[in-house]
Every structure is written in C-alpha cells, then in structure tokens.
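The same chain A turns up in both complexes below, where it pairs with chain B and then with chain C.
Then we have the complex of A and B:
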C-alpha cells in the first residue's frame, strides 16, 4: 500500500501543479458552465410561469434548480480529460516516456487527474453543495439535507468518475489509430452531455428512450448520483442503480484493457 | 480591393485543399456541431409538450428565434475561426511573427487564413429552422422587414467577430486568452431565447454590454412583429459598428505590445 502511494503520489502532485499553472483555463470552464446554468435557469423559470401548475413532469422549480446546478457540477467533477492527454502525448511523443516508467499506465493517468479532481472538489463542488442547501432551506424553510443520501451520493459520484475515466480512456486509445482527436473529442463531449442527462434530465425523455438511456453507461456518469442526491430514488432503486454502476465500471475496465492490448502494438510516434 | 479579394481567394483555396485531405476531420466536426444543435432543438420540443406558450411566444416563434440566432453565429464561425487560435496558442508560441512580416494587414490575414467548414452545422440548422417555422410563426412580412432583416445579418455576425477580435487580442498582453474568448463567446447562449425571460440586470447586460441579444432575439422580433425597426435593426448596426471600431483599436494597440517567444 505504502509503495503504491509512494509511486503514484508524484503524479497527483504534478496534476495539481498543472492545474494551478493553467488556473485561468480552469476558471474559464467553471464560469462557462455557470453561464449555461443561468440561461437554463431563466428558461425554466419562463416555462414554469407559462405552465402555471408549479410542476413540470414531476419536477418542481426548486427541484429543477437543484438538478441544473448539481448536474453541471457533477459532470464537471466526473469529467475526465484523459483522452485529450493521451492524444497530446501521442502527438508529441511523450507517451514513450510514460510507457518506460515501471508503473501501471492506467493508474498513472488516473492519479495525474485525481489532483485536478481534488481541486475541483474543494473550489467548485463544496461551495456549490453548500449554496444549494442554503437555497433549499430558504425556499422550503426546512433542512432537507439527508446524511445517508449524501453518503450514497458520494459513493455514486466516485463510481461515476471511474466510469467516466474508463470511457475516456477507451476514447483516448483511439488516438493510436486516428491521429487527430479534436473533432472526435467534440463529438464525444456533446454525446456524453446529452446521454448523461447533464443537459436535459433523462426523466423528461419519452418513456422508452428514457429506460434505454438509464441502462446505458452514460446515465451512470452523472444522472444516477444527482437523482440519488435529490431523493428521487427509493432504497431498492438506489441499490439497483449503484449496482448497475459497479457493473459498468467493471465492464469498461475490461474493455479499456482489451483496447489497450490491441492499440499498444499500433503505437507510432511521429518524429518524437 | 481587388488585391485583397484575390488573396482571400487564394487562401480559401488552400483551406479547401486541406479539407479534402482531412475529410474525416471535417465530417466529425460538422456532425458534432449538428448534434449540438439537435440537442438544443430537442430541448425546445420537450418544453412545448408541456406548455402551449413560452414568454408569450408559440412553438414556431421560439424555433424561429432560435434558428435566426444560429445564422450570424454560423457566418462568424465560417469566416473568422482562426481568432480562437490566436487566443489559444499562436501568440503564446510566437507564431504570430509570420503575420507581421507579410505585406498585408495582419488582422485580415489571420481571418482570411481559415475557412471553417464545420460551420455548416449551424448554418444548415439555422436556415432549416427558419424554413420550417416561418409559415406558422405569424411573420410580419413586408419588403422592408425582409430586406432589413437580411441586411442586418452580416452586422449581427460582426458582433460575434468583434467580440472575438477583442478577446483574442488580449493574448498580446496575457500570452494566452483562450479562456476569455471562451467565456465571452459562451454568452451567446443568451441569444437563443427571448430576452424577456431574463431578469432585468441580465437583460441590460446582453443588450448593451455583451450585445448578443441583438444577434438573435431583437432581429427576429422585428420580422415577427414589424415593430421598432430603429431599435431592433438600427441597434444591431450601431452596436456592431461601435464594437468593431473598439475591437480594431484594441487589436492594433495589442500588436504593438506583442513580443515573440524566446526560442
């Protein structure tokens, strides 16, 4: 255990340092996300005004606000940029340095990123949760915070991150075959945004589509934890959803390993 | 003028050649922008399954506003995409040198260098929505409304371009300003829906400070109602002209502050 920490801690530290150097980019993404949330907030307010019933497909306005901001924060928290990192490393050849190190390649990527995740947790996630709880308290007048739900939510977020990391790892390995990842990257992000429910709650989709989407790994990357936090799932449903997350995490772990063994033979560094 | 046109054509031809070489890149780019659009439209569909009207507008009218807002955005995306690269890495890496040593205006050169065909995603969706929504949106069609709206579109695109010139020019001082472009550009989200849904301070902000409201809502409002051409159309022209002049001043000031990279 000690050995693992000793080998991987430097990756994490390097991750934090990179983030601090590029803190402005980080800030840009956070603010960009918030702008989107605010546009959506006003749009929903107009919808609820037009609707007049105070309930939209089972969501109240308070639910909607929590969903919007929490889904955005969760998707930022579980966002994995490992595919872009791999793409860059293949382009400039530095991946050969990583392959030479006597560490597990997947884990070294993950720990570089965990540094970033830790920072997001502190500067984005905690303030957001606190703000949302205060908002909820002001609107409803009671403390809605539920410690058990919150712990289950955290567990679900961790699983969501692992799934997101594996999905992006699989994507990143495509760079071994396709030299330019940029277009595919944008495509990937918009597909994940849509299918994971971070743009539109999956609950609003037509029934059959919704059931399909809820079983896909993308829902496990954002939708599941948010619904758990909001208390939309009963005890059995929570168990089932978290179980599904575990299954997806394992399946994607296997898939990424499989692609890796195929891809590593294809590695061709351009003039590195 | 003829020389400028000739140079532009030559550079655009180079771009198309590059495009033919990397066809897969172009396809994924265009498809991803199309999917982005599809999500926005799906969203409006879902809302209107539950409510008959949004802020006093019908389904077709909202689609019309949304579609109209995508056309100036697409135009700007088609013609001036290279400004992003200025902000993200051209200045930081010192590659801006090349624009300074050529006998044409650097700003023109930067813009002419890229012809971003990904923008067809936005343009196709925008025009498609206009055609789909127009018959049932209750448009106020006269020669004037149609003519003035068409004239206003390039000016609306100029609002995007000016904001991009301004924010990318900050890289001359900051070395990299990609995130600032991203932030300001991201506010175009506000242009997709009627400005009346926002609270008062935001309305003022998107009308007079970062005037994205003019690139979608006010433009469509004029052709939807025929009211207030002075504000709805005149505003677009005035705002874009002012912004453009400011942006060119900032750009020119920025170039004098540019220092190349060490290596």
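Then we have the complex of A and C:
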C-alpha cells in the first residue's frame, strides 16, 4: 500500500500542479457549472409555481434546490474525463509513452485525475455543502445536517467516482478500435447525464423505468449519494444501495481489465 | 541480451478512394487492407553493444522498436530482452529499459523540467543518493542546468531532446532504445547527445539500439549495423565490412585554371580503367574524379592528374556511408524488379 502511494502520488501532484497552471480554465469550469445550476433552478421554480401545491411528486421546492445543486456538484466531483484522455492519447499516439512507464496503466490515469478531484473537492464541493446547509437552516429554521448521513454520503461518493472512472475507462478503450472518440463521447455524456438523474431526479420517472434505472450503474454514479445525503433512504435501503454500488464497482473493474487485455493487442500507434 | 526472432507485425487499414466521393464510399463499404510493417526481422545484440538500426523512411524501424519495448504486440515471432518477453510482463520489463522517441516526449508538458525528474525518481524507485549522483552526471554531459526550472513546453527542440534523453537514462537502464534521438538538432547538441550515449555505454555497459538517418551518428557510435527496408532485413554486420564491400569509391576534387583538356577518355586510356570504375565531371574550373580505389590507389590517381595540369586546390572525399547506403538501397530496389 505504502509503495502504491509512493509511486502514484507523483501523478496526483502533477495533476494538481497542471490544474493550477491552467487555473483560469478551472475557474471557468466551476463558474460554468454554477450558472447551469441556476438555470435549472429557475426552470424548476417555474414548474413548481405552475403546479401551485408546493409539493411535486414528493419533492418540496427546498428539496428540489438541494437536489439540483447537490446532484450537479456531485456529478462534477465524480465526473471522470479518462475516456477523453485515452482518446486523445490514442489519437496522437502518445499512449506509447505511458506504456513505457513501469506503472499500472489504469492507476496512473486514476491518480492523475485524483489531483483534479481534490481541487474540485476543496474549491467547489465544500463551499457548496456549507452553502446548502445555511440555505436549509434559513428556510426551515433547524439544523438538518446529519453527520452519519454525511459520512455515508462520502463513502457513496467515493464508490460513485470509482464506478464513473471504470465506466469511462471501458469507454475510453473503445478508442483502440475506432481511433477517434469525440462524437460518441458526446453521445455518452448525454446518456449518462440523463440516466444518472443529474438532469431530472429519477424519482420523477415512471415507476417501471425508475426501478430499472436505479439498478443500472448510472444511478450509482450520482443519484445514490445525493439521495443518501437528502435522507430520502432508510437504513436498510442505504445498505442495499451502497452494496449495489460495490457490486457495480467490482463488475466494472473486471470488465475494464478484460477489455484492456483485448485492446492492448489491437493497439497500433498512429504517426511514427 | 536482445534477441529478435522472426518478428512480424501486420496492421489492418481502411483504404479509401481519393476525394469526397471516395470518402463516402469508404463510409458505407470500407475496404480493408493488410499492411505488413515488419516481416521476419531477426537479429541479436550482445550486452554492451551499440547497434545502429537503419533504413529509409517507412522501412519499419519504429514498429520494430515498439515491439521490442513492449508497446506493440507482434503478429508473430518473438523478442526476448534480458531473458524477458516484453509483452508478457510489461510493468516489470520496462523498469530495465529506457527509451526515447524523437518525435514524442515523455516529459510532463506543463511542469518545470525538474518536476518530471522527481516524478520519474519515484516511479522507478531510485534512492536519493543515486538520484543526486545521476543528476550531476546528466547535468554535466547534457548541460541541463540552464533550463531545468523552465516548464517543458517553453523548451527549444534541442533542450527538450537533451531533457528527454536524460529522462530515459535516469534509472540506469540496462537497455536503451533511441529512436532518432538527433532528429532536427544542430551540431553542438548532436555532439552533446553522442557524448552522453558514449559515456553511458562505456561506464555502465548499457546496450543501445539506435535508429537514425544521420550517418555521423552511426560512424561515431555504432559497432554494428542492422539495416532493414520494406520491413525486411537487408544487412547485418559491421560498418567496416559494409565499407569494404560497397565503399571502395573515392572522390577527388581539383580546382584548376582550365579543365577543358581533361577528358574522360584521356584518363581511361592513361590509367586503363573501364566502366563504372571511373566517373569524371567537370564544371568550369572544378574537376571531379570518382574512381574505384581497389583498381587504382589514390596516390597514383593524384600524381597522374597533377602531371596533366596545373592544380590550385585539392580535396579528397572518403566514401561516405550515405553513398554506401544509397548503393545498398538501389541494389535492393533493382533486385525487386
């Protein structure tokens, strides 16, 4: 374990340093995400206003605000750009330089990305949680923060990130076959955005569809932790959901390894 | 040390007819074609040798190097380096090798150069004392101090290449693969890089495989060369031998007041030479004689020419390797037809 940290920590450090060099880019990313949240907020407020009852399919407006901001922040936190990185490295052939290093390929991708995740955690996520708790306190007048739920939420977020990373890794390996990922990358992002509930809460979907979606790995990538944080799940349900996340993480880990061993034999390095 | 046995690599590629129409056709009915980049390549390199791996563009040099470094999997055949098959245990294998691909970089593009070395130190588990000694050595031969604090993306090509070479040598690899390490560099930097390669080869018995288009790289560094063309072995042997077999041609250039009276016939009759053993080109005051030095010694040719005319200046050109390789390539081409 110690050895893993020693040889992969540099990837993480380098990731953070690179991010700091391109800090305007990162700032733009954070602000862009916030603007998107506010757009969604006004859209949903219009929905609630026209409904007139204050409660919409079991969600109050306060719930909705928490859900929107939290779901977006969580999905940004668990977002993995590894498929784009692999796609780019395949396209310009620089993947050969990565293969020359005595490191585990997927771990090296993961740790470079963890640098970015750490920054998002500090700059985006913690302020957002604090803001949301203050908002809840102002509206309801009571402190609703629950430490146990929060810890379970963090655990669930970690699992969500691992699942998201593995899904994107599998997807990135497709680049070994198709050589350029850009188009299907956009397709993938919109599918995940919809199926993971970061666009519309899965609770609003028709029952049968909802049950299906909740069992798919996409719900585990964002919806599950948010629902835990909001206290929408009971103790048993939380255990079950986290168990499901673990199962998906393991399955996708196996799948990504399998694809990797097939893909590496197909590799042809483009350009010299 | 390095064994390559019957290496073969095939790529499938989609061929498309020219133009937009062709592109559409390829979109709906792609035509696949198998390209053989390397075909039955075999050679071996003993420990401590510098091998020049040469061939024209597109001969398959890089493909072979990529198979030897474990990046590509051969379609058939096998390579074994230091007793290990690169494709079987890539992670452990690459610890023992260093590689530079002239057109790519392994440096962290956005970070100061020093950071890359720190990262590599951790990845290759080099301990502090060794690392310091190594950096001093590399600083000395490759002169990295001036730009070691600058971000890699701001380095010039020559600086970047020196930095890349240093990066490949940092962990004292047993085998070093250098794919065109001097491409696009000026004479001073080339010399720096050659010095580094020579030193590391001498002091640590590092085995080096070097591909290059620069003939002086080969002349200065390589004990032996393997030449491939169109994916096949063409020549395997020492440089000296190659020169013996294909490089007897010498060239003398005279600067004279008037060279119009010096005709090829005169030389042919006077020295009793035939066919391609003698070629003469004259242009204004310059007069060029190219001849086979096994038929007539250089001294004799010199004194004969001096007896015919008044000479202002003389230069002698050794048969350079470039010429030899051109001959070899030409031979390869004509045997194809």
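Operating definition for what follows: the second predicted complex is superposed on the first by the 271 of 272 C-alpha atoms of A that agree within 3 Å, B and C clash if a C-alpha of one lies under 4 Å from a C-alpha of the other, contacts with A are read in each partner's own complex, and residues count from 1 in each chain.
The rule is short, and it goes like this: a residue touches a chain if its C-beta (ideal position, glycine included) is under 8 Å from a C-beta of that chain, and two chains touch if they have at least 3 such contacts.
This is a predicted model, so every value here is computed, not measured.
When the shared chain is aligned, chain B comes close enough to touch A:45, but chain C does not.
By the touch criterion stated above, A:119 is placed in contact with neither chain B nor chain C. Contacts of A:16 after superposition on the shared chain: neither chain B nor chain C is touched.
With both structures placed on the common chain, the touch criterion links A:216 to neither chain B nor chain C. Common to the chain B and chain C interfaces on chain A is no residue. The touching residues of chain B, counted against chain A in their complex, run 22, 24-29, 31-33, 35-36, 39, 42-43, 46-47, 50-55, 176, 178-180, 182-183, 186-187, 189-190, 192-194, 197-199, 202. On the side of chain A, the complex with chain B involves touching residues 24-25, 27-29, 31-32, 35-36, 38-39, 42-43, 45-47, 49-51, 56-57, 178, 180, 182-184, 186-187, 190-191, 193-194, 199-200, 204-205. The touching residues of chain A, counted against chain C in their complex, run 6-7, 9-11, 13-14, 17-18, 21-22, 93-94, 96-97, 99-104, 264-265, 267-269, 271-272. Note for the complex: chain C touches chain A at residues 11, 62, 66, 69-73, 90-92, 94-95, 97, 99, 101, 103-106, 108, 110-111, 115, 118-119, 122-125, 151.
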